[in-house]
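When the chains are written out, they are named A, B, C, D and E in that same order, and each has its own residue count from 1.
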Amino acid sequence: ESRLPSFEQLAKMVATNEVTWINVDGLGNTRLIEALGEHFKLHRLALEDVVNVHQRSKVDQYADIMFIVLRMPHVPTEATGGRVTTEQLSIFAGPKFVITFQEGRPGDCFDRVRLRLREGATKLREAGPGYLVHALLDGVIDNYYPVLEGYAERLDYLEDAVLEAGSHVMDELHEVKADLLILRRAIWPLRETVASLSRDESTLFGESSRPYLRDCYDHVVQIVDLVETYREITADLRDLHMSSLSNRTNDIMRVLTIISTIFMPLTFIAGIYGMNFHTSSSRFNMPELDWEYGYLLCLAVMFVIAAGQMYYFYYRGWILPSFRARK
Amino acid sequence: ESRLPSFEQLAKMVATNEVTWINVDGLGNTRLIEALGEHFKLHRLALEDVVNVHQRSKVDQYADIMFIVLRMPHVPTEATGGRVTTEQLSIFAGPKFVITFQEGRPGDCFDRVRLRLREGATKLREAGPGYLVHALLDGVIDNYYPVLEGYAERLDYLEDAVLEAGSHVMDELHEVKADLLILRRAIWPLRETVASLSRDESTLFGESSRPYLRDCYDHVVQIVDLVETYREITADLRDLHMSSLSNRTNDIMRVLTIISTIFMPLTFIAGIYGMNFHTSSSRFNMPELDWEYGYLLCLAVMFVIAAGQMYYFYYRGWILPSFRARK
Amino acid sequence: ESRLPSFEQLAKMVATNEVTWINVDGLGNTRLIEALGEHFKLHRLALEDVVNVHQRSKVDQYADIMFIVLRMPHVPTEATGGRVTTEQLSIFAGPKFVITFQEGRPGDCFDRVRLRLREGATKLREAGPGYLVHALLDGVIDNYYPVLEGYAERLDYLEDAVLEAGSHVMDELHEVKADLLILRRAIWPLRETVASLSRDESTLFGESSRPYLRDCYDHVVQIVDLVETYREITADLRDLHMSSLSNRTNDIMRVLTIISTIFMPLTFIAGIYGMNFHTSSSRFNMPELDWEYGYLLCLAVMFVIAAGQMYYFYYRGWILPSFRARK
Amino acid sequence: ESRLPSFEQLAKMVATNEVTWINVDGLGNTRLIEALGEHFKLHRLALEDVVNVHQRSKVDQYADIMFIVLRMPHVPTEATGGRVTTEQLSIFAGPKFVITFQEGRPGDCFDRVRLRLREGATKLREAGPGYLVHALLDGVIDNYYPVLEGYAERLDYLEDAVLEAGSHVMDELHEVKADLLILRRAIWPLRETVASLSRDESTLFGESSRPYLRDCYDHVVQIVDLVETYREITADLRDLHMSSLSNRTNDIMRVLTIISTIFMPLTFIAGIYGMNFHTSSSRFNMPELDWEYGYLLCLAVMFVIAAGQMYYFYYRGWILPSFRARK
Amino acid sequence: ESRLPSFEQLAKMVATNEVTWINVDGLGNTRLIEALGEHFKLHRLALEDVVNVHQRSKVDQYADIMFIVLRMPHVPTEATGGRVTTEQLSIFAGPKFVITFQEGRPGDCFDRVRLRLREGATKLREAGPGYLVHALLDGVIDNYYPVLEGYAERLDYLEDAVLEAGSHVMDELHEVKADLLILRRAIWPLRETVASLSRDESTLFGESSRPYLRDCYDHVVQIVDLVETYREITADLRDLHMSSLSNRTNDIMRVLTIISTIFMPLTFIAGIYGMNFHTSSSRFNMPELDWEYGYLLCLAVMFVIAAGQMYYFYYRGWILPSFRARK
């Protein structure tokens, strides 16, 4: 619990204390990692996994040391462009020590554990490394909830945006989908990990901690459930968006078609009587132009055509559909 | 069965009665919950789950107390905006008591159980806590049926709306889909819960109640089946809607194209003879204007063009397709 | 095999005959059902399932009585609007009797069984209730084939309709999909039912009837296979229909675009020379009108523009694509 | 191996030879089938399956006779309209005989087996019926490869056709999809069949033929893999085709929109100055017609409008997008 | 480790060395392969699989020789048209030898293994054939990472391209999808292969190599995970692309519709007053042409109509939507 003790102090602490928790924040100091590995007899393959930070969650047993890999999500902030990120947490649990390695990003999810340790929570200090591992696991799992709540809010907001035909909906939906894919890749292996921990027969977790691990498992299953649900909602919103796009295309087309089909014949008729055939050359050449009511008749014909088309469109439900449906 | 007895009365009731059913409606009174937890030795983790009302259905065994979480659906009403909601029901079943916690919304699905208790249904009063738990479970499961019937009706109505090209179909389909997702999330874990109850070897349920639990399980499987079927129907309706949107776009386009392609060439010809080239300046300048049958010829050409296009469209099946198909 | 004997006669028949088959057609007479239930000691939950006709296929064992629920499909007729329907068949098989309950719709699928009984098929009369149950099961399963053949024909017809761009294809596909969903919901549980019957260790089915149950199972699996295949074909036809809709939209658009882009510039040029700028007021005002070859030049320009566009469209493959591809 | 011996000859052959292979090509001669069934004690249900040629692949054991159903694919030819078809092959394998029934279409996949028999392949003649069954099985499985290669080539060709926007792509994709569905329905049950044969404990296949059956199984799994891969590729090509359709619609729309929006305002302006308001009646009536530079100004305005729109379209990337992107 | 020794030398090396690794690069020399097969007693079926290079990954045990087939991916280069390819690697591992067959393409993934051998890595030379096989397996698996990283980069680039509406996005997405399908077909069977190797009870791999095989398995699972993730991202990008296509169609349509509906009525009005009805013939013939403010009134009416439509489009959000949303 103290920061950066020398190596000898560490050795002494492990000897005296009941359980020592060593938390290494940042993986740049390879010499430190190797020294720890040698001192605590950590397996070479496990140490490689610690440094190679794209592992899936898993639990491996090497002799009497249990090696657990977890992925901690970070609540999206402006610094990460509003995108979710996950960090690898590697845990070695031996008979009298717990060593954790983080990637070294600012902030983790163990503040509550530290608080309880500082306040001298007797159970956490005395119950052996298994209980501490459970507390860390619990901290990681609980950190998924605020992350997921953020996406729940964002999906609510996106649902409104889709109904109001916002223009950047699809890009945002794509972003949310990509983030949920990241969370999904983090949480599914975590589920297997917790399941195998709660089935584990080793001495690390005593019989009394079984309900606590089962509780962890219930939480992970609930998170899996939420992630899958959000993924389905995202897919549904995409469908809704696509359909509203089609609907709007239809609306635009309808306006275009109505205006075009009404004015094209009218303009054509006006064009006819704009022709310059010489009425004087032949009595067949546009005699209408000299008729007494020629102009009025022409306007009347135009009006009748326009009205007929309006009625046809009304009949097809292309104009005033709501008014028509009400009847 | 009596409302709000004092704590001592409760203790006495548990001692005298064969089985006591304590139903706590609303989770605001944390002191009451803690007192009950202490008196009946309920596990701390279970009590946390009671208060944290977003649990999945599950069954846990703590020593001789069985802890069951169920999700009750509420029939959608106007108060909930026509959307389905689920409420958490937590059940503790001990050797001589059954304690249930509801979230405290008005209405539950135990009126029939209460009626049978008040009328002194001997079997329910005498057959031990297992039978009461089964009755509560049965009440919860039976409550899914009216909820699902509502969605069956709504899907029928939506099918008609899709065929009549209603404009808010997609939003409603989205709503139904979201609701079915909620029901699905409630009913799948319930299925596991009931399955593990009917496999359960504990003393809570005797051998004679096995067929009743199997009956519950059959009902849950039937509900799962219905929910999945409704989800598929919703997806099919969405497809049907999208295709009818495309169909309507085609219809609109067709009208526009027919009118445009008929009147554009005609208007162009009218435009030609509306040009003001001076016939007096050159004998090549629009001599047609002075021809005896110039105007009639012009109209005839227009008619021929229009008729030709009409025939082409008829041939392509864009106008009077049904008439053509009949031939 | 006789119709409506009195109850005493029934009791006598059960006592004398080797196996008695009682077929109750219609579930309205609740008193009769209760009387039968009491006389043959049928379980109350099973009788509830008989009356509640939306059960999934299943098989339950109550003491020495086996309770089987099956769903019989009815070949779609005009009376059902061309839609498929399923009817519930409940079978109780005891050591010396078989009782079946149908919903009471006209027609069932046991005519062949009855025929064999009337003709005194010795095996059916003597081989115990198991063999009769197998015959009934076989009758139900065989009835799925004509129903499915109807859908195979309908899908063939729809494939042609899609390729010919029929207008009600989508509605019909939706209907077929909905019907296949009904059949699917009927046949999947039936599969489990027949599988559990053929695994069954009870005395109802002897070792010799094992191949016959395996044969039933093979048939059910084949039907499941057919239903799934038809569902896939329906989905494919929907895709094909959607794509042909898009194709037609493209065709319509192309015609519109070609006509519009050719005639718009031409009409514009005609419009220019239809302007009334007074050539007498200024020598800059439309001197073209007085040129000797003004009109011919104007027509020539128009022709060049139109020809140029035609070539562009031909080059893009929008007109005469097949002619171009041949080269 | 001889054609149409009399029945007595057959009986003798079975008695003398070590293993007799009887191949019945065509199922029309029911009397022959019954006679064979009676003589070799083949089960009635198996013989029904032989005649009813829509069975799924399966293997059944009746006493000491093994009954295997396989589906042989036929390479698509012009005679079948380029569509794949499958034929049922039924095999009875007893201690000293192998009887095969084909549907009787010309051609099968046993030419290699016959060749080896005629050439007196000792292993095939002496190693018992198990080895012959394996050879037949191998022949059937190997026949899937040329069929699938045909579809691989067809998909390659279709990929090119999609990119070149061929017009009958969708119909062909639909055909390929339907054919792959047929192959899939044939190959999945075959997989189970071969798996259960290689697990089989009966005396038909000795321990030494185990690697050969495992090899068959590997081949079937590979074919399953290919069929599923081709199905995915077909679905991808459909997506690609749909997207290229949308792309082309966009292209067509863009041309239409550019031409329309450029010429509509121009034509309108020309229309204005084509109006016949009498300049002599009022000094407000179109004084522009008498201006010295009226006509030139009018053309200039038109040019500015057209240029402005061209720039806007260029800015939106609707014209010369590649040129713009290069900058 | 030496190149092309004579056969006798090989025999001697096998006799003297602890483990001999023979790597055959290229499968053209069938006589060599047969000679090796005879000398080391390799099973005929296994040798057939070596030559037939489209095998799925698998592991077979023939007596004391283990036969492993793996698929090595090759990083896409310009020589392969930027497409991924896989090569078959066949491994025979006997008690004192390891024989590998490659297809003979330039480059493999065993440079690190060779380096360690040359530098005399004692563990690799002494630990038996199991350790060498593990090293080869590790080399193959590690080679998937650079290949997948290439696709990760390509998907990042494609995401940008989709958002910027690049025109060849869909073709590239199709290519990536096809490549990921190839990788998927290579990696899934590899997963089963490695899983069965790590479960294997044979003497090839000792207990101490168990963690190394588990490590291999973890890597393969991680690769499977990546491939599936990339496939989902590809599908999402396709959706995004399709939706952006629809969006652009809408944009284009909107511009067309706005321009058309504004100018069509205006052009019609201009057309009316371009008609040549003779005002002198009748006082009803277009008296407006002689009005003092006729022309100005006409322009005013046009302006009002245009302004009204602009307002309507602004109200519908078709023009300046962002400006409107800000209010």
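Things worth noting here:
Note that contacts are C-beta pairs under 8 Å (C-beta built on N, C-alpha and C of every residue); 3 or more make two chains touch, one makes a residue touch a chain.
Remember, predicted model here, so these are calculated numbers, not experimental data.
Interface note: chain D and chain E, two copies of one sequence, contact each other through mostly non-matching residue numbers (shared numbers fall below half of all numbers used). For the pair chain C and chain D, the distance between C-alpha centroids works out to 23 Å. If each chain is reduced to the centroid of its CA atoms, chain A and chain D end up 37 Å from each other. With touch defined as above, residues shared between interfaces to two or more other chains in chain E number as follows: 242, 246, 249, 253, 256, 260, 264, 267, 271, 274-276, 286. Listed in ring order from chain A, with chain B immediately after it, the chains are A, B, C, D, E. Considering their complex, residues 163, 211-212, 214-215, 218, 221-222, 225, 229, 232-233, 236-237, 239-240, 242-244, 246-247, 249-250, 253-254, 256-257, 260-261, 264-265, 267-268, 271-272, 274-278, 281-282, 284-286, 317-318, 321 of chain B touch chain C.
Residues of chain E that touch chain D in their complex: 43, 45, 49, 54-56, 58, 60, 62, 165, 167, 170-171, 174, 177-178, 181, 185, 238, 241-242, 245-246, 248-249, 252-253, 255-256, 259-260, 263-264, 266-267, 270-271, 273-276, 279, 286, 288-296, 298.
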